[in-house]
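Consider the two complexes below, in which chain A is the common component and chain B and chain C are the respective partners.
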Partner chain A sequence: MRVLTAIIAIAVGILILLGYFLPQAAVVQVVLLDWAIVLAGTAALIGVFNLVAVHAEKIRRKEKNGVYSAILIIGLFASFLFGLVLKPQSDFMQFVVLEGVIIPVEASLMALLAVSLLYAAVRLLRRRADVMSVFFVLAASLIFLGSVTLPFGDIPLIGTLIRPWVSQILALGGARGILIGVALGALTTGLRVLFGVDRPYGGR
Partner chain B sequence: MIAPAMLVAAVFLLGVITLWKRRSPGYLREIPAFVRLARAVGLSIEDGKRLHVSLGHGGLFEARGGPALAGLALLRNIAERTSVSDMPSVATAGDSTLGLLTQDTLQAGYQAAGVGEAYVHTMGRISGLTPFSYAAGAMHVAHNENVSTNILLGHFGPEAGLLAESSERAKATLIGATDDLAGQSVLFASAQDALIGEELFAAGAYLDARPAHLASLTVQDIFRWTIILALIGGSAAKFIGVF
Partner chain C sequence: MFPFFDLIAGTLAFFLTLMILSYLIGDNPLFKIAVYLFVGVASGYAAAVVFWQVLYPKLFQPTAVILQSGDYARGGLLVAPWLGFAFILMKISPRLAGIARITMAFLVGVGAAVTVAGALTGTILPQANATINFFDQDYAAARNIGAFEALGNGAILLAGAVASLAYFHFGARQKTDGSTRRFGSVELLAWVGRVFIGVTLGAIFAGVYAAALTALIERVSYLVNFVQSLLALF
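Now for the complex of A and B:
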């Protein structure tokens, strides 16, 4: 069974890869990707069952903070029922569920993130006082000072000269270097999976 | 033309260097995050605490799937090593297909350790399908499930900061790596040890130095130097007016 799954996965992977370079293989590629999208939809359904199973178990065991698990399951089933009865495009779903709950909750998390990041930046030099950390804090401070809106306009030199130079020359060059490294890493990792060296499927 | 040529060259080099690495494994430079990670795996078993592996929300049908595959390779290794612990490792994913592979990978790790019957399907979880809902679900695990070390390896944006904050509150160690630039800067500021750039893809080689993993690092180095030389050569050629 393991060998069979590996053969299927490698064959499908090679066909999809060939679809990017050979027009003849592109037709097969589209069909295989359509099948994969159907499987991904089924996987989402399994994911929901998994989520319910995990949190139901927490409630059953009366674990610490299990009340949040109960809220999650109630919210999940309420959204599902309302969506089924009223349809997802209805005003209730749009204004109450989406704009009344989901968007404000995500916005709150974003606000919390801003505070967390500020706190992390303050603690960075205390936790790891090395050259890289000093450069990191220095660059972040320069960009921040150069971008901040003040009543009298940009801070001389920093806003007009240093910030554009740091962000457009130093940071952009560094970012491109990092992205090239990430792309090369993704290439070799993908090839390992494609040829069955790493097999995150099909059991042992 | 360049893309297929690079691909063919990568396949050829990967094959040849894998064969070469079987004879002489070579040397890996020390990366503090991997030293800490190896120590954390051992300590978690001794302390009776668990590891939490977060694989991010990169879908396998898009370019962000690469880091998730690297995370799965790491998860396989960790699952095998910690399967005998009283507090088994848990893994969270923010994508449905990645969630399925997470469960399959954990199960494979347990089977490889000879304790396949100890695997429970709730060890691999999908904690949310959007970046923030995923982070909120993973924060809950990091804070409430007796976690000693949180390992973030996959595609994370700035929401990684929320996981870092949760880990800090639970006094747990955080090791993080992502392919996203914003996520990398957040993790650099928040994590005890952050992996930068392609170091994310070296996890397999550092924890389980198999020839193919070592070869993939060498192939990356060869391509990196080729690109560097091409950039310098191109700049020099333009400077002297060749094109």
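Now for the complex of A and C:
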């Protein structure tokens, strides 16, 4: 099984990579990607099933927060069954499920961030007042002061000169370094899988 | 039909918003109910979307068409996804979960190849090109930027990208006393990198904070509007 899974992963990876360079291999690439979409969708359903299983177990064991697990399972089955019968684009799903539950809760959780982020920034300065955190707070304050509309009007220079320069040159330089670093890390991880060094599917 | 759904959605949204914002006075059962309900409803919705937008059009519908038409020769391309579908379902049973490794290997292979290609063509090359463009005099002239300013900005941007990368370089040499330390030049670059990364994270923080503040204002305004429209009814 170990050899078979490694052969499948490496062969599929090479065939898909070939599709980027050889037009003849592009057809195979499209078919393989189509299969991957179906299988990733099935894996997502298995994930939802696992969520149900974990919370059903909590209810069965009568754990302390079992009532919340029951709410989760009821909500899950209700939206899944209505979604299956009515389809996700139906008015009921769009109005009640999306606009009634999902979007308001997401927006409210985002709103909570306004308080928790401020608290975290203050704690950062208290606990770790090093070069990075000083520049972090300085840049955040400058950009924020340059962006907001103040009752007495814009602060001279900050909104027109300093904020654009900090966000478009200084911050962009750092962001570019971070992005290239992340991409290099992803590239190395991908290559390690394609060479069979790493086998996250359970080979080694 | 729409006003009725609108009323249900508005009432649900009002109470759920209140329940989530109640976290500001501390963790409480109302907040937990709202969050667990959200996770359940969102998971169920995602599962329904996966069924209708992925599995049905790409697997079930084509199979039904082939079975109805009797043209089984066209079904060759559906054998592999059906096998993968069956194998991955084995994950549900702990005894048969090992068979699902075949499908997982397929998915990991696809993911690795797409990641390699995406990282190279989607990030490394475009970001490197964009950094080079800052030194392009024609590009600067098109944006009404002077040659000296373009060179200065390009140099700072390049220094920021290189120094930020150096910050994540953890290669070190061992000294005679057994301690390990980065090379002097890398250490210096990494220090500069910390400044750039601090500024970048600060800029991102400011953006996220502004978005969070906008969301807070929108939610509070929604609560006020909902109460006002309810009061207007009586």
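Heads up, the rule we're going with is that the second predicted complex is superposed on the first by the 195 of 204 C-alpha atoms of A that agree within 3 Å, B and C clash if a C-alpha of one lies under 4 Å from a C-alpha of the other, contacts with A are read in each partner's own complex, and residues count from 1 in each chain.
One rule holds for everything that comes next: contacts are C-beta pairs under 8 Å (C-beta built on N, C-alpha and C of every residue); 3 or more make two chains touch, one makes a residue touch a chain.
Keep in mind that this is a model prediction, so the values were computed, not measured.
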| item | value |
| --- | --- |
| Which of chain B and chain C A:V54 touches, first, second, both or neither | first |
| Of chain C and chain B, partner touching more chain A residues | C |
| Which superposed partner A:E63 touches (first chain B, second chain C, both, neither) | first |
| Which superposed partner A:M1 touches (first chain B, second chain C, both, neither) | second |
| Touched partner set for A:V197, first chain B, second chain C, both or neither | first |
| First, second, both or neither for A:R127, with chain B first and chain C second | first |
| Partner chain(s) touched by A:V97 [first = chain B, second = chain C, both, neither] | second |
| Touched partner set for A:P164, first chain B, second chain C, both or neither | neither |
| Residues of chain A at both interfaces, chain B in one complex, chain C in the other | 17, 20, 33, 36-37, 39-40, 43-44, 46, 48, 51, 65, 68, 105-106, 109-110, 112-113, 117, 121, 132, 136, 175, 177-182, 184, 186-187, 189-191, 193, 200-203 |
| Complex contacts: residues of chain B adjacent to chain A | 3-4, 6-7, 10-11, 14, 59, 61, 63, 66-67, 69-70, 72-73, 76, 96-97, 99-101, 103-105, 107-108, 111-112, 116, 121-122, 124-127, 129-130, 132-133, 135-137, 140, 144, 158-159, 161-162, 164-165, 179, 181, 184-186, 188-190, 192, 196-198, 200-202, 204, 210, 212-213, 216-217, 219-220, 223-224, 227 |
| Chain C-facing residues of chain A, complex | 1, 4-6, 8-17, 20, 31-46, 48-49, 51, 65, 68-69, 71-84, 87-88, 91-93, 95-115, 117-118, 121, 130-141, 143-144, 147-148, 166-167, 169-184, 186-187, 189-191, 193-194, 200-203 |
| Residues on chain C engaged by chain A in the complex (per definition of touch) | 1-2, 5-6, 8-13, 16-17, 20-21, 23-24, 32-55, 58-59, 77, 80-81, 84-85, 88-89, 91-92, 98, 101-124, 127-128, 130-131, 153, 156-165, 167-168, 191, 193-213, 215-216, 218-220, 222 |
| Complex interface listing, chain A residues touching chain B | 17, 20-21, 33, 36-37, 39-40, 43-44, 46-48, 50-51, 53-54, 57, 63-65, 68, 105-106, 109-110, 112-113, 116-117, 119-121, 124, 127-128, 132, 136, 175, 177-182, 184-193, 195, 197-204 |
